Amino acid sequence: MALKYVGEITDPIHKNIKFTTVEKEIIDTSIFQRLRRIRQLAGAYLVYPGALHSRFEHSLGSMFLAGMAGQTLFDKGYFTDIDLIQHLRLAALLHDVGHGPFSHLFEEILKDSKNYSHENFGERIILETKISDIIKRNGYSPDTVSSLSFGKHNSGYLNEVISGGLSVDLMDYLPRDSYFSGTEYGKVDYFRIINSLEVASSKVLGINKSALYSYESMLISRYQMFKSVYFHKTVRSGEVMILHSMKHLNRSLHLTDFDSLEDFFALHDEMVLELLCNFPASKSRPMDTFAVKLARDYKSRNLLKCIYEYFSLSNQRFEKERDSKQSRRLPDRAIDFEKQIHLIQSIIGSHQDAGEPVFLDISRAPSIPLAPKKEEVTSIMIINKEAEYEKSFDQLPLINVITGYLDMIRVYTTKEKRNFFKSLLKDFENQNF
Amino acid sequence: MALKYVGEITDPIHKNIKFTTVEKEIIDTSIFQRLRRIRQLAGAYLVYPGALHSRFEHSLGSMFLAGMAGQTLFDKGYFTDIDLIQHLRLAALLHDVGHGPFSHLFEEILKDSKNYSHENFGERIILETKISDIIKRNGYSPDTVSSLSFGKHNSGYLNEVISGGLSVDLMDYLPRDSYFSGTEYGKVDYFRIINSLEVASSKVLGINKSALYSYESMLISRYQMFKSVYFHKTVRSGEVMILHSMKHLNRSLHLTDFDSLEDFFALHDEMVLELLCNFPASKSRPMDTFAVKLARDYKSRNLLKCIYEYFSLSNQRFEKERDSKQSRRLPDRAIDFEKQIHLIQSIIGSHQDAGEPVFLDISRAPSIPLAPKKEEVTSIMIINKEAEYEKSFDQLPLINVITGYLDMIRVYTTKEKRNFFKSLLKDFENQNF
Amino acid sequence: MALKYVGEITDPIHKNIKFTTVEKEIIDTSIFQRLRRIRQLAGAYLVYPGALHSRFEHSLGSMFLAGMAGQTLFDKGYFTDIDLIQHLRLAALLHDVGHGPFSHLFEEILKDSKNYSHENFGERIILETKISDIIKRNGYSPDTVSSLSFGKHNSGYLNEVISGGLSVDLMDYLPRDSYFSGTEYGKVDYFRIINSLEVASSKVLGINKSALYSYESMLISRYQMFKSVYFHKTVRSGEVMILHSMKHLNRSLHLTDFDSLEDFFALHDEMVLELLCNFPASKSRPMDTFAVKLARDYKSRNLLKCIYEYFSLSNQRFEKERDSKQSRRLPDRAIDFEKQIHLIQSIIGSHQDAGEPVFLDISRAPSIPLAPKKEEVTSIMIINKEAEYEKSFDQLPLINVITGYLDMIRVYTTKEKRNFFKSLLKDFENQNF
Amino acid sequence: MALKYVGEITDPIHKNIKFTTVEKEIIDTSIFQRLRRIRQLAGAYLVYPGALHSRFEHSLGSMFLAGMAGQTLFDKGYFTDIDLIQHLRLAALLHDVGHGPFSHLFEEILKDSKNYSHENFGERIILETKISDIIKRNGYSPDTVSSLSFGKHNSGYLNEVISGGLSVDLMDYLPRDSYFSGTEYGKVDYFRIINSLEVASSKVLGINKSALYSYESMLISRYQMFKSVYFHKTVRSGEVMILHSMKHLNRSLHLTDFDSLEDFFALHDEMVLELLCNFPASKSRPMDTFAVKLARDYKSRNLLKCIYEYFSLSNQRFEKERDSKQSRRLPDRAIDFEKQIHLIQSIIGSHQDAGEPVFLDISRAPSIPLAPKKEEVTSIMIINKEAEYEKSFDQLPLINVITGYLDMIRVYTTKEKRNFFKSLLKDFENQNF
């Protein structure tokens, strides 16, 4: 059945986001309302004070774009089951519903302690809770929603609508994060890109040639957002602090040991922060005391200092090239990233073991978002009326350069220990963007 | 001494907000960082999900505009002590530092229980805490900052820079609230208005004629923001809930009974919300149970319903006119607002006394912001090189109409009681915008 | 048949404007391309240098919005003939195709000399030229297009889509004129208004209540655009000059005496301006010489000076009220506008007859755009699922005030004669916005 | 003396551009007003209909930014003569005053026939006309203005403020061209870049590190604007047509043979276009007839078709690398650009000689704007309080890639000859962006 909207929500990015009955019922659950209290970018507001936006708005925005993408593909005849549009919207609405406090930071702890990701929670929420009932009662399939949400649908190109390099996830978060943080970098002509979506004969999502510049622009935007927001030195400092505090105090607070999903639903950014700040650390346990201090310092923005930075081009094509020739194009970036991590760790490891406040922050983002199945993407399908062809990124000079660019190593410590560790690492190449 | 900037913060409204040493030191205190956790608009995010912005950004933005206004007045020769620019910036930075959780809602409780306003706290913070030391140590005067912040400076026009109808407070919050909520209504050409600021010979702040349209536009924006955001039926519903819950549970939680300012500084929106939601209400105290339920329902956006609405033009000029003539221009708005409140209260009062969930929400906003001394404003000074004159609002037709427009009465109740109270009030004129 | 797009044009207001085959063929004619050389606002660029935009872009934008409006009304079931959407788009695309050089200025001359309006030309172009053939060949009806374009279609509400207070004409030109002139006043949430369009049982176009604020905002925008752009004193000065020059030299240049439409199509702003500037005026005909001088002065922006200004509230309701009571609400605006014109004309008339350079500029704009049949509009239909009702403008306080506000009288003369005429008119009330 | 503003102009890019007396007098001359009739982008409006903006607005905008840059450098102590700020503003205001109709297209003809550039005219206008008098009368130096305008001032870094990779020219035209064309690509944070300007000890203009991302973004914007606007296939088609028509008919119309600058001042885009379209070509001179047809076809947007496209990376560093190694990074771009031109010319040359309508369009833009002395730029100076250092573009991966990217060859012909020439060139590599 065609979508019937029953209301709308004002959104700074997409103006008016309309919703259907099944969407309204899901949005109205406390499970979903919870996303209002989980910030989209855990620590970015420490540098960009406006970046207080939450997963709630992002989920609505993704739903909006998923509807647009679904309608485009339906109109172009790539699928005929009109209900898939509603399923796509629901999948986008719910793709982040499994996120915990501080989003990826909590996920990191969960993975360590439980080998659990936000996708695992997401699946359970879609299939096992009240939300499952709502979906079913309205005539849709929780299984379809869940499979689309997490990259397991049979039609691979539909998975790509939800996550990956042409996904509504990306097309919502870039302009949204940019808008709220106040940077100019995240402008995305998502309207044009989505209107240009096509499906290749190999069942892979692609675009019409007319949107190639817009696609290129979007990837440059993403690269710039990584440099200026997501991987910002000070943003990461705050995240390192909350991660360590949460990881350490989790042993006592048992944040990740819940009996039911209900316990999980109670957790959100500010609530967990209060728990950490108010943990009654006894003097006999200095590590606890320090973890509490980290949380309190985070809260009042008294942040750790970065004393070492290293960025790497891990672009595979480049690496291979480098091996095969004498004169290297980018010799200063050619040092093995793994080796560098190892080196740094060998220096600071003993200090960490001795409980000293020094933290290694390693971030690896594929600059080009992975396909839903987590395979690296190295090309874009161009699909026109006349013909379809594949353009590998090394044919798109700008994109080629930013492929795989964004790996980094940073070392953080307290103000007091700053000079000590700085001198310890002074012989290491200190390289930044 | 001229301002020397030592850093800058990215802001979506003003792009880059630079700060001086004294400002940096104040911003870095936990007293000021606390404002990050007090939303600018307590409940607006329930209708406009993006409106999560805090008093922190607004304070920075006001400081930015205060510097611009100060520089303009200094350049035009209205004052010669260049340090007043820094004092104005500090006054704007700190004018909201006394706000508690949920801003005006907490203030309402404070006023009831302690006869305390956020200005009282603000003064104490500026004069008695670490912030006072920072100001002094950097060579400025806490007394001057405090007097400018709260409308007590000798030069009345400088008070007007901070609050009132031409204030940086207004010129920051309108575009900011509009930006984050995603409405189109709050566009303000503050750049032009501030550049046009002049001081009348009567020492009142005015504008150059060239900015008269921009001023008119700003007041229309304010009117539209009141209608669509600040007084939105559903926004007010959330605020009524949190107000009642906080007011009731305050008796047990003693939120407003603190020994020191430190206790006050611990409070913020989400922290207080968690306190309310987790209050251990015993079954024997149904009012407590209901107050907890209100907080929890607020948190999951399960809001009270509005069953009665009444808006009034309380414009004094109109009222006077009405008295003196037979044929009334706006007869349907002419009923006495006070009488209406009294009538409604006489109906629902007994139900309230019996503990039934019915709430009266009375909001009165002067549509034209009051001058710092809380006197009503009814004119704008136009000051040109050639001459200065005063334009009363009834010479500016649009402004005249929106003067004093925004008084309202609403009655809220639960879903269960909706029909009961609706029928109880069915004979009353139910009028809205 | 459903619309099939064959291409798109980038537009700063609507981003991508798609077009169908019939639209492409019309746009590609030299008749339509001609609109690129007729500015949307004849003289506004003299004050707002960016306002060089043409009727070409406005026509495309109107087409875009007409499609959106048509689709909305079709989706809501108000009509079932899907081809009406294409007809509406063509009507909007062609509603300005009959405009001549300097738009309304040429029209004024045409009306004087031929009693011809741009609508008359428009009809002839749609019905008698190549454009008629294109429409027919593609399976559509020139008659239907023409009747929709010029307010003669049987379904009155469809005429209102093209012109009037809820028309795509208005919704395109307000934001467009604002964008190119660089004023902040013309923001219109046309997306929301168009999505809210409904048809009353009386077959009148209306809106859903949810868009009432947006509608109000649009009317305020229009009022502000009139004050700051369309009726700007200096803008009108340029227009008075070109009007007079064109009117006078038309006797020799015979601009309005063409045998065929082809001759008319040759005319455009800059071409006519060159004709006027280069007219070989003999010294024996000083009036010719002066007309040429006016054109040349216009070209180099050496403009006439305004020495008298008078604005009037001609609001009928107010006028009636005033008559019936002693104490008048706005006494200073109550003087009869006609009487004022008469007075001024009696003073300057003899000087005009003597060939002196003094010009009377009388502009009367209904602040609320007239319905297609040129009847005044005084109310807006609100049409909801539950009920429909009519809201007269005097129930909408802001709109009420701006209704009929914008009548004005101005007197312009040369720098040399400025003082002379100023003193001549010094006893007259000189009143402005 | 400090600048004293006497008025302001509304501009969509910079909002309010204030001007001083000397500026007002220059702007008011017909020499300067003439720039209103010379479009900034000769043919871009054929693809982006909104791109009708003129050199007039761009000149004002450049003046505005030059003042901001001058003030920044003055405040930072790089120069102490405050009058240089006014000279810089005048230089920016007048840097384009020597442009003729269709800007660079007319310049191309002038260079062929007279070896004259717009800079030559600019110098003469600043030094020999009424504008010189105005500058002198107001106490400034035409020589200084002229030398700054055209890269001949002793202080090289001041020349760079007016033209080159950090110039106000670039920082005005990128956002302006983007705004009016409606593309999203030209966003430039010029405010931040200009505020970050510094002068290296080598007297070269540089930036503070904090603006490095903004600088990078600006260069990416420029690259995208070249691809999507300046070098757009269809934009160039129109320009090829007008260039050829003007070049050919110039022999009869003698556009470039003027006795005085006054004759030159009479020329503007639409006026020359009318001359070309109305040239009385006799049938005995088919080349004239064709040149007239080209102008008329241009006017009605009946454009030549592109049948061959070739783009090249002429980056010198890459080229050198390529020579020295076997395995080439970008082999498909490595073919010699000159050789390619030669090849194409050898094929179509005889057809051109025989008067057939086939045109070669070769465009070479340094993707990184040249320094004022037309030397290639390959690095950016980073100047901080602590230290200054030079960052060569190959250390900035994205910038490195776009350096020198934008050389291209295109072949255009008529619809009729399209297939013939297409098959003639079918064996040549046809490569595009």
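Here the chain labels run A, B, C and D in written order, and each chain numbers its own residues starting at 1.
The working rule: a residue touches a chain if its C-beta (ideal position, glycine included) is under 8 Å from a C-beta of that chain, and two chains touch if they have at least 3 such contacts.
Remember, it's a predicted structure, so these values are computed and weren't measured experimentally.
Asker: Touching subunit B and subunit D alike: which chains?
Answerer: A, C
Asker: Would you mind naming the chains that touch subunit C and likewise touch subunit D?
Answerer: Correct list: A, B.
Asker: Looking at A-D and A-B, which one has the bigger number of contacting C-beta pairs?
Answerer: Pair with the higher count of C-beta contacts: A-B.
Asker: So how far apart, in whole Å, are subunit A and subunit C when each is placed at the average of its C-alpha atoms?
Answerer: Between these chains, centre-to-centre, one finds 50 Å.
Asker: Please tell me the distance, in whole Å, between the geometric centres of subunit A and subunit D computed from their C-alpha atoms.
Answerer: So the centroids are 41 Å from each other.
Asker: In whole angstrom, how far does the Cα centroid of subunit A sit from the Cα centroid of subunit B?
Answerer: Roughly 36 Å separates the two chain centres.
Asker: Where in subunit B do residues touch at least two different other chains?
Answerer: In subunit B, the residues touching two or more other chains are 15, 189.
Asker: Could you list, by residue number, the parts of subunit C that touch subunit D in their complex?
Answerer: Those in contact with subunit D are residues 9-13, 15, 28-30, 33-34, 36-37, 45, 47-50, 52-54, 56-57, 60, 179-183, 268, 270-271, 274, 299-302.
Asker: Would you tell me which residues of subunit A are touching subunit C in their complex?
Answerer: Contact set of subunit A toward subunit C: 8, 15-16, 189, 191-192, 195, 210.
Asker: Sort out for me which residues of subunit B touch subunit C in the complex.
Answerer: Touching subunit C: residues 184-185, 187, 189, 213, 216-217, 220, 223-224, 227-228, 313, 321, 324-325, 327, 329-330, 332, 394-395, 397-398, 400-402, 405 of subunit B.
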